[in-house]
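Next up, some structures in structure tokens.
You will see two complexes here that share subunit A, one where it goes with subunit B and one where it goes with subunit C.
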Partner chain A sequence: MSAKGAMSLVKAGFLSVYCDRSMLVVDFFIATSVPFIIQLLIWSRAVFPENELQKTYALSEIYLYYAAALALNRLNNAYDLIARISGHVSHGLIECFQVKPVSYMLYNAALFFGESLLYYVPPFIVAVFVVFYKGEVVGAVGFLCLLLLSQVLCFLLGYAIAAFVYWTVKPDALLSLNVIMFSAASGALLPVAFWPGWLQPAMRYNPFRLAIGGPAEFLVKPSMSLALELLSLYVYWGAALLICVFVVSKVVRVKYAGAGG
Partner chain B sequence: MTDKSIVVSGVSKSYVRRQGFSFGLFNSKVDKFVAIDDISFVVKKGETVGLVGANGAGKSTLLKMICGIHRPTSGEVSVLGFEPARRKPAYLSKIGVVFGHKSSLWWDLAAKISFDTYRDVYTMDKCVYEKNREELFSALGLRAVLDRPVRNLSLGERVKCEIALSLMHSPQILLLDEPTLGLDVESKFQIRDYLNYRSAEHGTTLILTSHDSLDIQACCRRLVVLDRGRVGYDGPLSDFSRCGGISVYCIGLRNKDVLVYGRLQELQAVLSRADGCGYVRVDKDVVRLEVSSRARCFVEGYLSQKKIYYWDSVKKSLDDSFLNFIRNSREAGGEEDGDE
Partner chain C sequence: MFRWIWNCLQSEVRYLFNLTGHVAALGVFYFCQLVFFDVVSSFLGGGISKSWLFTMLLSYIVVSLVVNFFSASIEGFFQHLSRGLGDPFLVKPVPIWWLLLFRQCKPSYLFVLVCGCIIVCIYADLAILIHSPAGSALWGLSLVVGVVANLSFLTMFYSLTFLTQRDMPVDYIHSELSAFAIVPVPFFSTTVTKLLISAFPMLVTASVSANVVGKSDVALFFEFFCIVFFHACASVMLFRSLARRFDGLGG
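Let's turn to the complex of A and B:
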């Protein structure tokens, strides 16, 4: 696919989100602000005054972490991707896209990035806030760079989950799996340091953390070791997911029988 | 340079279906369904081919193998020198495919945005795009709908947009799977006219499947009839009718009337002697006579004289020919036609 073709698909993805303004209002104001306020109340009133983990994260850092994590949670959201692919497969519409001179994966990738464009605004605002009020340039710039990698990884995760729609009757199970994993394993609920010791390796090295918790941690506590850890994990999980998607696509090509006319 | 667009040789396609539900990985029973059974044919450049068959005959499966969605279980498909199942972008840029009722347009966006997006996906030259767009939009009456969201378009408008989209990049081969399903008469005429124009002016190879025989008659010169995954007939459309182009009329009689008076054999003997009375078919309750226009008056006179009630004579259509073909084929195959 040419760069112009990819840009046009990105534009179409952007417009399809932009035209649904009610969804934008809900996403930007309600779905982002309400969880943040809840987290703010929990941490300031219930947890923090007596908590022993004050040494790990200051209250202001916790607020910043959640602001970044919530913004990333809206940006890296594969729900629509899985729902779209599922709709294409279950209604046989995928055939219309398989006869276009662009791979179905690239088609979805371009739309996914287009649909996410507006959601770059909240993380960008968080990064600007950090620069101006904390004077932390490295964390903010690193955070913005990690946004792009986190998007790629989120797409691969969503696409890999969506590949299993061929084995399901309805997509609900996969959509629920997506929501649960992106909520529980990504660090959107708690930073890695807050989990019990025996669970921390799983929370640190799973791919969902790279979509949300990893960049948020880097914004709050930037360090070379964290940057290297995250970059290594992006490479590892990116390659693993690409291989997974490739293998599943091969299997699916044989399995997909489609319907008649 | 070869003049063959599509070469299908010894192609079979079977689906494996699991019977029932099983927790075991290896102990579930599988059912093998042969959708296409050893089909071979060649389509030359610029040919217009109608692909017909009963539901489940394998039309869509064959079309999907030609456009690369399905890979044949055995045999080879070659289209414009490409192996379709590899789905090379260079190949997909040379074909246009329309699946009736299935749309690749963006549902919430104006139709125009879909056209502009696919223009870039197909990396079309701007001048060619402008020219094709003007031609298609005026021929299919689409100018007024371009600024409306796709979800607000009627079914016919959506299908016409889909056809326009599949032709926008000047494909050498156009594959249409029931494109006029559910369309009004005017839309059908617009589509048929444009397909004819496209085929004649641009030499576009056309393969059309449709259950509307008028689509086939209007757009195709060659007919391929599929019956349970096999090619039952492959030849000129005009030769498909048993009577080779003579106007044929179907006359219906109540079987009861004929049987009561023991006249069936007498009727058959009379008809076999008369020129142009070639076919008597006895169904469960109805006897259908197929007679030429010349013999029609004679037969109707005979029936009146013998006081055998008959009803309106109808001119035989491609549908009748197709129906007879399928019935004969199944009778020859020893299958009981129980649902008639």
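Let's turn to the complex of A and C:
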């Protein structure tokens, strides 16, 4: 696909979000601020034991973490992607998109990036805030770099989840799975360090944490070991999801009847 | 009416993998929230006991699942209206409220409700609920009132479809706002609480129910009850008056 074609798709995605103003206002003012206010109210009443305070986060760091994580939660939102792909599959429209001179995955990727362009603003504001008030440049720059990686991973995750629509036919389960995993397992509910011990591994190594919790953690507490851990996890999950997507597309090409349901 | 619920159930069962995935995802979500509250409760001091918090969570889960059972139907109803397909509803020999509430409901949420209640009760050891029959009866009543509060909010805002004649993201707004219900009421100051109860009673549903059981705070409950009654009447009147203006064409 030529760069010009990709740009026009990105532009189409951007405009489709920009034109739907009412949704945009709801997204920015209600969906991003309400969870943050809830966490603010809950944590403002929290009482920390002394030894706990040194080990994990201070209160201001918790607020910063939630601001970053919830802004990321709005940015890395694969809901529209899954809804679109499953609509194509379950209505039997997917062949129309296969004949385009663009591979289906790139077509969706371009639209996805276009749609999320506007949502880069809140994480960017958070990063600028950190640079000006805390003087923490390393964390902010690393955060912005990880932002791009997390966006790629989020697209792969959404695309892989959407592949299940060949099996479930209706998208309800996938959409709720997507929303729930991105809000519960990703670290938008609690930082990884706060989960009880027996849940720690599941919360630390799942791919959803990379899309939301990981960059936010790096913003709050930048360290070399965390960066290495996150980067290796990005490589691992990126490769795993790519393989998964290619295998599914090979299998489906043979078995799918194309009639829809 | 039961025929409709049965039909909705059958249409859901037809896509079995979809249904199982949906139920499993919801189960994971509520389990994570349970663990979240377990962690948070160890940090919280000052007048909030653990059992109170879990009672609140249980009330929240029950109310939100029952509301989801209805809200899918309400959303579908108004979607039909906004596309200009509302007229066939008038031909049916049943009250329009039944159509609104049951035509496209999702019985799978009720199934999740039972599972969720069992998980919470086992995890949190909620013996407090069966402490006194009067208390648990009041608790049940407060849950019903909470559901009515949510439904009247939904109907009120969806009724604006009659004016705007297009799809409105009320369901999305509601699901985001109703997350406020998990913030315990003692966290707000008294004036904010009064303001919230009178303006958006659905935001304090869970705390009111938990207060009825945990602290036997009946005065707050009756205040809540009166306001929800008022809101429900207002939403019914709004629905009727706006429905008369609607030309049925959609946008």
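What we mean here is this: the second predicted complex is superposed on the first by the 249 of 261 C-alpha atoms of A that agree within 3 Å, B and C clash if a C-alpha of one lies under 4 Å from a C-alpha of the other, contacts with A are read in each partner's own complex, and residues count from 1 in each chain.
Assume a residue touches a chain if its C-beta (ideal position, glycine included) is under 8 Å from a C-beta of that chain, and two chains touch if they have at least 3 such contacts.
For clarity, every value in this text was computed on a predicted model and none was experimentally measured.
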Inset, instruction - Could you tell me if A:23 is touching subunit B, subunit C, both of them or neither one (first, second, both, neither)? - result: second
Inset, instruction - Please work out whether A:93 is in contact with subunit B alone, subunit C alone, both, or neither, and reply first, second, both or neither. - result: first
Inset, instruction - For A:169, select first, second, both or neither according to whether it touches subunit B, subunit C, the two together, or no partner. - result: second
Inset, instruction - Compare subunit B and subunit C by how many residues of subunit A each one touches, and report the one with more. - result: C
Inset, instruction - Could you look at A:195 and tell me whether it touches subunit B, subunit C, both or neither (first, second, both, neither)? - result: second
Inset, instruction - Scan A:31 for contacts with subunit B and subunit C and give back first, second, both or neither. - result: second
Inset, instruction - Examine A:41 and indicate which partner it touches, taking first as subunit B and second as subunit C; both and neither are also allowed. - result: second
Legend entry - Doubly contacted residues of subunit A, that is, touched by subunit B and again by subunit C: none
Legend entry - Touch list for subunit A against partner subunit C, complex: 22-23, 26, 30-31, 34-35, 38, 41-48, 164, 167-174, 176-177, 180-181, 183-185, 189-190, 194-196, 199
Inset, instruction - Write out the stretch or stretches of subunit A touching subunit B in their complex. - result: 1-2, 4-5, 7-9, 11-12, 15-16, 19-20, 91-93, 95-102, 253-254, 257-258, 260-261
Inset, instruction - In the complex, go through subunit C and note every residue touching subunit A. - result: 15, 17-22, 25-26, 28-29, 32-33, 35-36, 38-40, 43-46, 168-169, 172-173, 176-177, 179-180, 182-183, 187-188
Legend entry - subunit B to subunit A touching residues, read off their complex: 15, 55-56, 59-61, 64, 67-71, 87, 89-90, 92-93, 95, 97, 99-100, 102-104, 106, 108-109, 113-114, 116-123, 149, 177-178, 209
